[in-house]
Amino acid sequence: MRISVFRKAHFNAGHRIFNPAWTDEQNFKVFGKCSNPHFHGHNYELIVRVSGEVDPETGFLIDLKHLKAIIEENIIERYDHKNLNAEVPPFDKIPPTSEYICFEIWKILRQILPEKYDLSVRLFESARNFVEYPSLG
Amino acid sequence: MRISVFRKAHFNAGHRIFNPAWTDEQNFKVFGKCSNPHFHGHNYELIVRVSGEVDPETGFLIDLKHLKAIIEENIIERYDHKNLNAEVPPFDKIPPTSEYICFEIWKILRQILPEKYDLSVRLFESARNFVEYPSLG
Amino acid sequence: MRISVFRKAHFNAGHRIFNPAWTDEQNFKVFGKCSNPHFHGHNYELIVRVSGEVDPETGFLIDLKHLKAIIEENIIERYDHKNLNAEVPPFDKIPPTSEYICFEIWKILRQILPEKYDLSVRLFESARNFVEYPSLG
Amino acid sequence: MRISVFRKAHFNAGHRIFNPAWTDEQNFKVFGKCSNPHFHGHNYELIVRVSGEVDPETGFLIDLKHLKAIIEENIIERYDHKNLNAEVPPFDKIPPTSEYICFEIWKILRQILPEKYDLSVRLFESARNFVEYPSLG
Amino acid sequence: MRISVFRKAHFNAGHRIFNPAWTDEQNFKVFGKCSNPHFHGHNYELIVRVSGEVDPETGFLIDLKHLKAIIEENIIERYDHKNLNAEVPPFDKIPPTSEYICFEIWKILRQILPEKYDLSVRLFESARNFVEYPSLG
Amino acid sequence: MRISVFRKAHFNAGHRIFNPAWTDEQNFKVFGKCSNPHFHGHNYELIVRVSGEVDPETGFLIDLKHLKAIIEENIIERYDHKNLNAEVPPFDKIPPTSEYICFEIWKILRQILPEKYDLSVRLFESARNFVEYPSLG
């Protein structure tokens, strides 16, 4: 009985889309106003999807209180009210695009969750722009 | 031309997360305040996904008026304004977790829908906690 | 410079609409399936509106961290995962309709908030049914 | 590093569900009030999903400004504030059901997007009724 | 104890913004693509606000099952899946703008609701454009 | 026939809650992590409410295309993808709290809108925290 369980969370962060290996001109040409050196920010919404087999006794795939605490301690405390470029590695070295932020969040959670679970993460930069890693489609 | 059609519905129900094979202490240890013997409840949101081939003449995969009626008669009438533990089997015997409720809803709809359709169900216990059976990811 | 500040919160609770001064027949006649003796429940959403003058130095009407804590400690801890009829007075004596729940929440917050603030509360029993006390319209 | 990027858009359109190869009676029998000859309409919401490999230098799968412009120029300008049956082929010949509209939108975008990307489209006729082509489930 | 109770409903309709007392040129000049003679449409969302004194015995301002039925029978049946200009007077004579539709809905409900209740209506043409009559602000 | 018309818009911006007249210690003591010197940010949602008399010929209070353009040119272009403290006066001198941002937006729009209209603005810093100026409650 394979099932998925989802938990939604959110954090607010500042960033600029900026590749430190490039000149400012290259950054502005590719990233436009998103590379504004003064930074802007977003209310990020996060949906963590965990898949696997339900425990027949508890009727849980994973205890959501536990999953909520994992996300809170490892993702929200790390990202919330932070400037991603200045305070959250590896975004001092690579651009904090939604794609890369989503991938970093997945890597952190993947190390913590037991191997028996599959994991996929959706990250909403806004209600109109969002990403999913790994892609299920 | 394989396509999916989705229909959203909702019901309100009372429950407690409780395994009748366990002692009250075990239930409280595992399920915490969700096992409150006085019951609490939720506004459940349901998204039913039906997949298959479009009928070339009608341009429909399935008539949504028909799907809406199936959900209304078989799920909403059974679950809405009910206490799941006390009034909706098999939740007298197994804990009414979102995982098990979702699985029961899928089993009921699976028996009614013609075999040519694939079926998957998402159940939202709240905007932040939801499940999908069978898992597509 | 009069302004309003809003804080949204939520809780899950069980209830039945039931007036203990009436017979079961009267209750069923007036309240229908909402008076189901086995209880059902809702995800309640709450919007607290506080109005008054902005502090010119902080630029705050009220510190939202403070307002959030007041709501958490006085409302959410009291109502969340509770059976309102059985566990939360005065709903042992009066029917826990949205109107009366909203009024009770307002009374609790009114006693705590300093007098210089005006207060109004919206309570959503579902996305389609909600109430506001005191009414601003 | 395979990822999906999503972009949401919307348009308003008029339509009637009508198969011109049938008599009016057949249309009314199958489609009911949706075949009203005077037309009705919807606020359609569209979610375009593009999947593939992230560019390691930009951290983008696809520049969302570019994807937004593609959707605007090829879908929104074609469908927004239009009567689908009267003004947007092939809906003079086939019924403008959500299934067929979604499929047409996919065909238009598929021709424009580079082959390296996979593409799937969700179309919401309302918050309760929506479709996905090609189906990922 | 003055309170407001809200009930949300929706309908889908077709229209064009068109004043029959004007020439087509005048209509196009003022209303632009919204005056498209082939009609387009919307998913309208409606929030009905009823205000007054709570009945101390029931704890209700108004029975929401009753209010829901009033809206269904008098508004939804009249507007849903209709072409407003062609099928719903007075929109054969005046432009079906959100302002005028909202005003008409208010007039219909005002005649039905007992005088002891105050009434205000919000009509959403889309998530971004909406109106309220009578204005409370 | 007094009515209100609402238009929703959004912008993304970076900020820190910081009063330059205070020491860093005072700022941190009052504003906590919101005063992080590296800046964070939000997706701000804005609802502009305009009230007055409907024009009987057009059926409009105000042409929403016109109101949308006013908001776009005067608010969105000024605030979107900006660091409020560093780039948008007067937030170099006063803390960019939601209260003060809302008040500034109101002042800008008030100067542009004809006097016959009343105006009120709601600003959402997140789905849970928002403000309204001038307060209607």
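So that you can tell them apart, the chains are marked A, B, C, D, E and F in the order they are listed, and the count of residues begins at 1 in each.
The rule is simple: a contact is a pair of C-beta atoms (placed from the backbone, for glycine too) under 8 Å apart; a residue touches a chain by one contact, two chains touch by 3 or more.
None of the values given here were measured: they were computed from a predicted structure.
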* Asked: Which chains contact both chain B and chain F?
  -> A, C
* To do: Please identify which chain has its centre, taken as the mean of its CA atoms, farthest from the centre of chain C.
  => D
* Report same or different for the chain B and chain C interface, where same means the shared residue numbers exceed half of all residue numbers found there. => same
* How many angstrom between the C-alpha centroids of chain F and chain C? -> 28
* Spell out, as numbers or ranges, the residues of chain C touching 2 or more other chains. => 127, 136
* **Chain contact topology (line, ring, star, complete or other)** => other
* Can you list every touching chain pair? -> A-B, A-D, A-F, B-C, B-D, C-E, C-F, D-E, E-F
* Mind listing the chain A positions that touch chain D in their complex? => 17, 19, 21, 30-32, 94-100, 102-103, 127-137
* **Contact set on chain E toward chain C in their complex** => 1-9, 49, 51, 54, 57-61, 63-65, 118, 120, 136
* Asked: Which of the residues in chain A come into contact with chain F in the complex?
  -> 10, 12-15, 33-34, 36, 38-43, 80-83, 86-87, 126-127
